[in-house]
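Each chain carries a letter (A, B, C and D) given by its place in the written order, and its residues are counted from 1.
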Amino acid sequence: MSANMTAKSFRVRDPNYVERIKGAFGRQGFLRYVDARIEELAPGRCVIVADFRAELAQQNGYFHGGLIGTIADTAGACAASTLIESWQWMLTAEYKINFLAPAKAARLKAVGEVARAGRTLSVSLVHLYGVDDGGQEQLCALATVTVATLEREAPVLQKD
Amino acid sequence: MSANMTAKSFRVRDPNYVERIKGAFGRQGFLRYVDARIEELAPGRCVIVADFRAELAQQNGYFHGGLIGTIADTAGACAASTLIESWQWMLTAEYKINFLAPAKAARLKAVGEVARAGRTLSVSLVHLYGVDDGGQEQLCALATVTVATLEREAPVLQKD
Amino acid sequence: MSANMTAKSFRVRDPNYVERIKGAFGRQGFLRYVDARIEELAPGRCVIVADFRAELAQQNGYFHGGLIGTIADTAGACAASTLIESWQWMLTAEYKINFLAPAKAARLKAVGEVARAGRTLSVSLVHLYGVDDGGQEQLCALATVTVATLEREAPVLQKD
Amino acid sequence: MSANMTAKSFRVRDPNYVERIKGAFGRQGFLRYVDARIEELAPGRCVIVADFRAELAQQNGYFHGGLIGTIADTAGACAASTLIESWQWMLTAEYKINFLAPAKAARLKAVGEVARAGRTLSVSLVHLYGVDDGGQEQLCALATVTVATLEREAPVLQKD
């Protein structure tokens, strides 16, 4: 898949996509609350990380599945957001996550890659890794995220 | 579905399931951090709520999709947990959530109902509602959650 | 859910939706090949059935999971199609199915109900039942289907 | 992903997995009916193909989404089946498919790769391609498949 994705050349419509996405990211209270950070942004690709702390854990000391889903959703949506126009906006329509191994690690890392960049619907595939202090990565979850492109930042779903 | 589910009589194996589930819930740092609470527990059913605050929002002032997924996962897993033995344990294998309307509300409410209670795999259907100050509910998301039953509390997925 | 859905009043935009949907259904070679039939169409609702035969089975004599997914997709998409304009068109964007019990039955029945009817995206929830010769029904699978509304019948996804 | 998957060394428990899987495949009426064929089997990997014909199409002459889901489910389950013991059996617990582009092609090809090989639950990622007469491939869908390992061929889900 990676090979495919790398080979695929995505068309960037907004040259300032990095600033745009980082700005929108910073205005999301929940992402700040869990201290998620953008580690990498490239056309059709986004890497999000979050450091372990007890507030993000379930009862065995692993990253909580809900937090992992949050990071997956974010990585998938931001990857798709690199390819839209400057005035457009994205909203997650649905996401699906499979847990593959417990995420007991110093850091959680989500690598989102666009599998389809459409005019109204885009789909990202997200691989999630637990990263230990030595930088060793273990795949812990796999997610797909469908995002809808809106023509402006607005709660259009409600009146849709 | 509700009619079906109500009609269906679930077999409760652990008479102390309420205490067991509340105890496990309370040891999850992430659920405390987002201040999720169990509002109702019944055989094959669990209702989880969380009050709105800026730390749980995305940039438009709605509940964040990742938070909604977290609450959905929790309601689905706890509903299934009402039906296992006292020594058993549950782990979410996967969940899938569709967002139907923006969750701009005073409270988020997830109603999880077991659709299949299996020996090793259970499936819950979760309806999520935004609840306003007057108690009016609007369906905002729909999720399915698959949980695996383990014979003890342990990180068995890793060595599985 | 059923109670909810029944209470919900859907707006029908095309009074000839039954003829329109049956026509589109009849032009699908695969649905004819598996001999799927529309049993009921109502605003926001569609029931699809298929009778058992060895060509639709897996190796244990149950309905094949792929066939069950096909019927689920069809019921979900047709339920949503009852609510669009006469000139519009629907395409499945994604579906997800959980198998709850083996479908060893004389007939497979899918009940699709719209959970969200949007301008561009609709979501249906589908319950699948194995029905025996006496008419007894057993829930065998649960699916969610997301469909996109197009402004005309066209392969727009390709150029999207 | 491919790089990852290739690097990952899967443990084969049944040296006769090719014969075992081909035998089980051949006993599935539905797979014969749609004329699906195994093109490749390797540890943790399975490629399934089906040639286009009107009986597998929807009304625009593309492969039907239900057929694509069937092929995806099969590729994902067979990939996981390469890694189980000779006496074990696999059953799909759930699958999820995103359609990325219309599959108007001479052949449909599904490449299933195991992302997690567990004792009781395995997860495969499946990429689906439309292949034209010249062998050119276009990604048309993406699926994840969760399969449960049973200790024998049996309808255990029912009494599970």
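Here is the rule we use: a residue touches a chain if its C-beta (ideal position, glycine included) is under 8 Å from a C-beta of that chain, and two chains touch if they have at least 3 such contacts.
Source: prediction; values computed, not measured.
Peer 1: Going by the touch criterion stated earlier, list every chain that contacts chain A and also contacts chain B.
Peer 2: Looking at chain B and chain A together, the chains touching each of them are C, D.
Peer 1: Can you list every chain in contact with both chain A and chain C?
Peer 2: A chain counts here if it touches both chain A and chain C, which gives B, D.
Peer 1: From the centre of chain A, which other chain's Cα mean sits the farthest off?
Peer 2: C
Peer 1: Counting C-beta pairs in contact, does B-D beat B-C or the other way around?
Peer 2: Counting C-beta pairs in contact for B-D and B-C gives the edge to B-C.
Peer 1: Interface overlap for chain A and chain D, more than half of numbers shared or less than half: same or different?
Peer 2: same
Peer 1: For the sequence-identical pair chain C and chain D, what is the superposition rotation angle on Cα atoms, to the nearest 5 degrees?
Peer 2: Best-fit rotation on C-alpha atoms: 180 degrees.
Peer 1: Which whole number of Å gives the spacing of the CA centres of chain C and chain D?
Peer 2: 23
Peer 1: When the C-alpha atoms of chain B and chain C are each averaged to a single point, how far apart are the two points in Å?
Peer 2: 27
Peer 1: Taking each chain's centre as the mean position of its Cα atoms, how many Å separate chain B from chain D?
Peer 2: Computed from C-alpha means, the inter-chain centre distance equals 31 Å.
Peer 1: Identify all positions of chain C at which a residue touches two or more other chains, and write them in rising order.
Peer 2: 93-94, 96, 98, 100-101, 123, 144, 146, 157
Peer 1: Within their complex, state which residues of chain B touch chain A.
Peer 2: 24, 27-33, 54-60, 62, 64-67, 69-71, 73-74, 91-102, 104, 153, 155, 157-158
Peer 1: Any idea which chain B residues touch chain C in the complex?
Peer 2: Going by the criterion above, the answer is residues 1-4, 96, 98, 100-101, 115-116, 123, 125, 127, 139, 142, 144, 146.
Peer 1: Along chain B, where are the residues that touch chain D in the complex?
Peer 2: 93-94, 96, 118-121, 123, 144, 146, 148, 157, 160
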